[in-house]
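Below are two complexes that have subunit A in common, paired first with subunit B and then with subunit C.
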Partner chain A sequence: MISATEAPAHGPGFLARKDLGALFALVRDDGRRLIGPTVRDGAVMLDELDGPDALPEGIRESQTPGRYRLEAGRPGRLFDHTVGPSSWKRWTFPPTVPVGTTRRDGAVVAFEPATPDAAPLAFLGVRACELAALAVQDRVLLGGPVADPDYAARRRSALVIAIQCTTAASTCFCTSMGTGPEVSDGADVVLTELDDGFVVTAGSRRGRELLERLPVRLATAEERDAAAGGVAAARAAVAANAGVAAPGLPSRLMAALDSPRWADVAERCLTCANCTLVCPTCFCTSVTQRSDLAGAETLSERTWDSCFTGSFAAVAGGNFRSRPQDRYRQWLTHKFATWVDQFGTFGCIGCGRCVTWCPAGIDVREELAAIAPPPRAVVTGMHLPAVTPAPDEAWLRPARVVATHRETANVTTLTLAWEGQVPGAGQFVMAGPPGFSAAPISVSRARRGAIEMTVRAAGPATAALTALGHGATVGVRGPLGRGWPLERMLDRNVIVVAGGIGLAPLRSLIEAIAAERERFRDVTVYLGARTPRDRLFVGELGAWSAAGIAVTETVDRAGADWLGRVGVVTHLFDHAERLPEGAVAAVCGPERMMEATVEVLRARGIPDERIFVTLERHMECGVGLCGHCQLGRFFVCRDGPVFSIAELGDAFGREGL
Partner chain B sequence: MARPRLGVVKFASCDGCQLTLLDLEDQLLGIAEQVEIVEFAEATSARSAGPYDLLLVEGSVSTPEQAEAIVDLRRQAAKLVTIGACATTGGIQALRVFADHDAWRASIYPHPEWIESLATATPIADHVPVDAELRGCPIDPGQLLEFLTATLLGRRPRLPDEAVCLACKRAGSVCVVVALGEPCLGPVTRTGCGAICPAFGRGCYACFGPRETANVPGLRRSLVVLGNAPADVDERFAGFTALAPPFARAAAAGLAAAAATGGDDARR
Partner chain C sequence: MADRRSLAAELAASWFGSDLPPHARTAFLELAVEREVGAGTEMVREGQPTTGFGLVLSGRVALRLHVPGRGQVTILTVEPGDIYGWSAIVPPYRSTSTGVAVEPVRALVVDAVALRAALRADDALAASLYPRVLEAVARRLDGTRLQLLDLFAGQVEASW
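Moving on to the complex of A and B:
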């Protein structure tokens, strides 16, 4: 069925196979590079094509889990294959693209964002599932608060010539995901291959204009029937394959986070990342730096990454997903559950690449059936609504260090001259010295004209930040994320609990409260530090008390010269007879400390809706595009870092998520 | 500020990793401007007893003399970095660990009693603490340059510990396991080489050693299911990084199977 596409006035046309060269010539005349399928190294790959001779004539594929072989297809047919290991994302979202350049000439530092590569492309032979994949990536990379400028430029310029599937591999399950095999929308031109040519329809004005310049005649009734018959054959073939029971899958899957099957699949899974790299929708990336030896020029590049690597969810001092089972669960639950929460569609479009190209032959259909067994419901399709592109955002901006203050042996507060938007309490910035990657740093104080970042030297990048002197330049992106919910605290009692460096994002909250103290009721701050020497903002505690904020401190360990309390921060509540009525709590510190604190607060009657925490995660971009900081249905950078415990639900404190 | 003092020394090895430094032809002058090369037998006759700000160590420890020398060198080096499969895992010569050392020595040398070699060839980290590792046989010039640059700038060098598969797929190569049935060790091997072998239709033979979370039993099972003989799969581990802990068991099994079938095969 090709009825959904816009047909010329007199119905579908017919392009003889011998005239396919004219299409190549037209596309080239328009200044486009033509990308299409061709046989290379034993597979049908998507590469730049010189002409129709490069297409995989008479080739079909045998695809089963972990195995792919080329076979003879129908003689003369150019599109008898289905999908190989490469996908169009190689051209819309290439493996490595420049993000920007940092130049340092003495004290002068400049950050220049990269210019997107705008060389226009034409894609020949895009399948229905792959159109769905492009639409999924459109939502991820263009549909959020911040759009990816490089993707936007490539995607918008690409001419899309789709091909209807008339065959299917055993790994295809587009009918389960509602993405095929029939092409519905998203293509400029749609071809259906017959023995001697193609039934053609236009899907856009750009496509119609192209067809008008080609030797296309009106298709006969027989040709139209043959085309419809070919697509129907593909549908029947896919329907006979194993599938995925998509309706209700997200909730079934999220209810199975403790399934023993995760450990079972982890024994087979090689965490090699092949599934994510052949997947046409996976979008996770990292940003890396390349410098000259003198450090005068640093090129930052965005590179395909994968949630299967060990470093993906690692932060200084730990890894949120160290076990292979954590990584497999992250991938599968993202594709089939949390992606729906985040973007309104599944992250899977049913192309089967991850099944074929898994060297261990792990079949997502089988794993899903075991982990989240299907109900007895009818499988229906998924609708992909149109994409609303969002405005682009600048890359790093230079900010000058105007003051530094050493808080402890390894914690320093940097004051940056700031002309941008004033960050709200609890918001953060991505910041890094020239030549280093940017790290998420919470803003510990913000006012017009200046912001402060309180940084603990946990790795080389943060060590370099803390070592910066007056006048140095830092690259900064922000303010980012969602901060503390001050409005929820108005006219209420407020409890603030900080562990170690966790006081930094809470300092901005405490100061915001102090500035309008009369709008809040009792405000109590509980501070924990490792030792007396690790206490932060010691000189400011008096001012907080003077503003009517009760401050109680404890340290984990101390010598004889410490006269205050000793013990972990939660022990402070043992001394409080009762917590104030209707209080709202804000907690920040190491994750274990926050878990313990939340438990105590709950036990003292504060509901999850009024307990707020701010989370630390690995972040590369800070704007919801790189995927590293995902926690269930959230990207911590974009949806947090401040969350209520009620919002986080099961995701809070769960190992490996 | 004085330039950091760089030394390059070797133990049991072929010198190929040291030559990688010389192969950085376009950057060599720049490196020589940024650091003072005080010891590098492959490049200069100037010698130094240390101390070194940065010491690159090639080769594994295979004689009693070397076992003493590395301890002394460690004392002279502020930062000691091992380079190559020999220094980081023992190298091809570590295959002796799986064989009868005395019998081999007697079969090769007319006067085996004159040869003072250990029954083992062990990575430098077995003897002294190591600050960083550059893997590979030989090391990758890009990684070496990245390491030197990052060290000079004070940032963390980008030496990913992920599987070869990521570089392979980014490069657009076709998976040789899935498309050709080749026994490829890429899924358990650390990246860094640029996935050269799969780009030429050959399986990876793990010259960069194990990656983080190397699922060797899982890969062995998969390769056997795809049609490879178990002994052939195991023998593939018995190469340049056979002594690396995640590989050693499979390597030993592969060598034992090869020995059982006899012939020259056993002595590879």
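Moving on to the complex of A and C:
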């Protein structure tokens, strides 16, 4: 080994192939497990490597849509392949990680967050596009208001040794996404392979320190030229492949939501989810529970999920993306359009994995060209921003049930002792009885020291919630989301329209208004329920009226003993030619009911900017990390659940989003 | 009982009457009688010939269907400004539901036969009255479709 003073002080160095073993040894001495490419099951896979012998020597991949095969590459070369089915996210964002444990000991319930298993890793052979993929996931999982603590720990401890590509597969399109083949950013050490070794540069202090401990000499001019030539050859090969016309693609794609091609590609797509599993940027997850037999301990795990699975966008009573064409459209528009709105970059880095590993041979490049054909334009690179870490996500906190009130046969209001932040009107919490997944539930009343939630038994978790008694413990995370825009309602007429359980999030709004009644003008509440027996908060309507809030109720059907109104909720005001001047409306109920209501409100002169709805979507995390609740460019959990109709635009009421 | 002048004002202020041109309002009012009934009075009966077309001025009329085993089910209430007995001018002129006053009701009622004759004879009346009646009926159809979805039972989106 050479001394630090002999290490290359200026410019790239050179590491002989025979000295690669020293790199493995050093990394191991530092207590890291080294992950790199190796041949397994007929493919180049990423796995833990013992030494350089495990690298795929003299091997190249032939990749075409739906097809992958190993071939002979240049003899002695260790990195002549490109990217196989596995990606680094398997190590930074594993398919299954524990998120926490719920322990029950008699009446005592404790929630413990999992500690990330952060055995430091070293990644050897990370390609430029894969560095871009890591940067994309950094933005998603670390860049938002809430960071994923497990990802943060794994990502920060990993040493990244990149390799610049000198070959390309037919499925590569990094040049059109601006992500490669040159490595510009994000690696500790960058290697470029030559016949007898590697041209090496350091990309970080950690990388420089590593190189200083390796037998590296200054690279000769010939070696530097050969390295540059290799990368240039790869660039030329990728540039000759089919690509994606990235500039302007998001708006072209969103303008093509009604393209007939969606149905066409859905005929070919098997909705197998292979594409999302091999994709290095896809981040959608679900949380599942595993209990021991005695039910004393429940482990919650976060597992990879996919927008192609049938239940991904399911909510109690329906599915927002029931057709394969809706799911394919969600995937493609997310990768190439709404991701840009959400995170400032494309969700695709051009690795081509989804093209190769699609059993139906569906090629995103071809689909994009058909659905959103390119204008004549020059492809330019995209900018990958630096990582901005955010505070760690809090795990469930125990909250004790201090009162319960049965509203109807299947709806119960729970009062929880609450020390946390007082939720705003329309905000929600993730609430789970021990042993069940947490479900998003609106806060139906909030005051210092206690919150209430009004829950309809729609499935296992909500049924368990409604069955809880006094003294029981619920795991709660929140308050979450953006609630009703109370400030927009000040000094204005307010119209509140609620259907069924949709009154729960509106109750907190009505009470907030009642508390400062003089700051609002006329306030009218229209309530719709299924039958007289399904009316909620019946005992409180009098207090609302007494506070100067006009309350009108209707039910969908009733027996002869009901003397009140019968008809859909819009029936309560569709005989008014105009509604109060300058009114702001707040609407919550089943989506179809909200659509009908919005139409009537519009026809009565209320503009979209002043009509607010709260949306229900399938939610797992509630903080913008799991991907489930997406509606176009929005994460309903984080950007909503309250939206104005003007914000939602076309996305409101559109089938399959 | 209100005088004809104040009845004319009430008609003009009602949802049904507000959109009718002056001629149609006058013609309608000439045919109409003001009727006040107590709670429980049956105004029209399911399956029977509809004898009168009414505009509710105050109170509430419940439209009910008889469902064997469940008795009378209210499917809609007619509120002030809205009409009942539209089957008076739509063949076969039989009521599609039973209309019962669930509160004291004051209504402007036109005899079915007289209204049909007037609509045949007076094209201008027909041209303005039919669209308004159709609008009222179309709204009910819309509402009924939503009720059919039984949304509050948990159907967020039909999966079929």
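Here is the rule we use: the second predicted complex is superposed on the first by the 645 of 657 C-alpha atoms of A that agree within 3 Å, B and C clash if a C-alpha of one lies under 4 Å from a C-alpha of the other, contacts with A are read in each partner's own complex, and residues count from 1 in each chain.
FYI, a contact is a pair of C-beta atoms (placed from the backbone, for glycine too) under 8 Å apart; a residue touches a chain by one contact, two chains touch by 3 or more.
As the structure is a computational prediction, the values presented were derived from the model and not from experiment.
In this superposed model built on subunit A, subunit B and subunit C occupy separate space and fit side by side. In the overlay built on the shared chain, the residue A:W304 is in contact with subunit B alone; subunit C does not reach it.
By the document's definition of touching, neither partner reaches A:R74: not subunit B, not subunit C.
In the overlay built on the shared chain, the residue A:R224 is in contact with neither subunit B nor subunit C.
After overlaying the two complexes on the shared chain, residue contacts for A:R488 are found with neither subunit B nor subunit C. Of the two partner chains placed by superposition, only subunit C is touched by A:V568; subunit B is not. Of the two partner chains placed by superposition, only subunit B is touched by A:A461; subunit C is not.
More residues of subunit A are touched by B (comparison of subunit B with subunit C).
Applying the stated contact rule after C-alpha superposition, one finds that A:R602 touches neither subunit B nor subunit C.
Of the two partner chains placed by the overlay, neither subunit B nor subunit C lies in contact with A:R521. Aligning the two complexes via chain A yields an angle of 80° at the C-alpha centre of subunit A, spanning the centres of subunit B and subunit C, rounded to a multiple of 10. For the three-chain overlay built from the shared chain A, the minimum Cα spacing from subunit B to subunit C equals 13 Å. Residue overlap on subunit A between the subunit B contacts of one complex and the subunit C contacts of the other is empty.
By the touch criterion given at the top, residues 315-320, 322, 456, 458, 499-501, 528-530, 534, 554, 556-560, 562-568, 570-571, 574-577, 589-593, 596, 616 of subunit A touch subunit C in their complex. Across the complex, subunit A is touched by residues 15, 18, 60, 62-64, 70-77, 79, 81-82, 100, 102-103, 139, 142-143, 146-147, 149-159 of subunit C. Listing the residues of subunit A that touch subunit B in their complex gives 40-43, 45, 66-69, 85-86, 90, 95-96, 267-274, 277-278, 288-295, 303-306, 309-311, 324, 356-361, 435-437, 459-461, 463-464. Those residues of subunit B that touch subunit A in the shared complex are 27, 30-31, 33-34, 146, 148-150, 152-156, 158, 160-163, 165-166, 169-175, 177-181, 184, 186-188, 201, 212-213, 215, 217-219, 221-223, 225-226.
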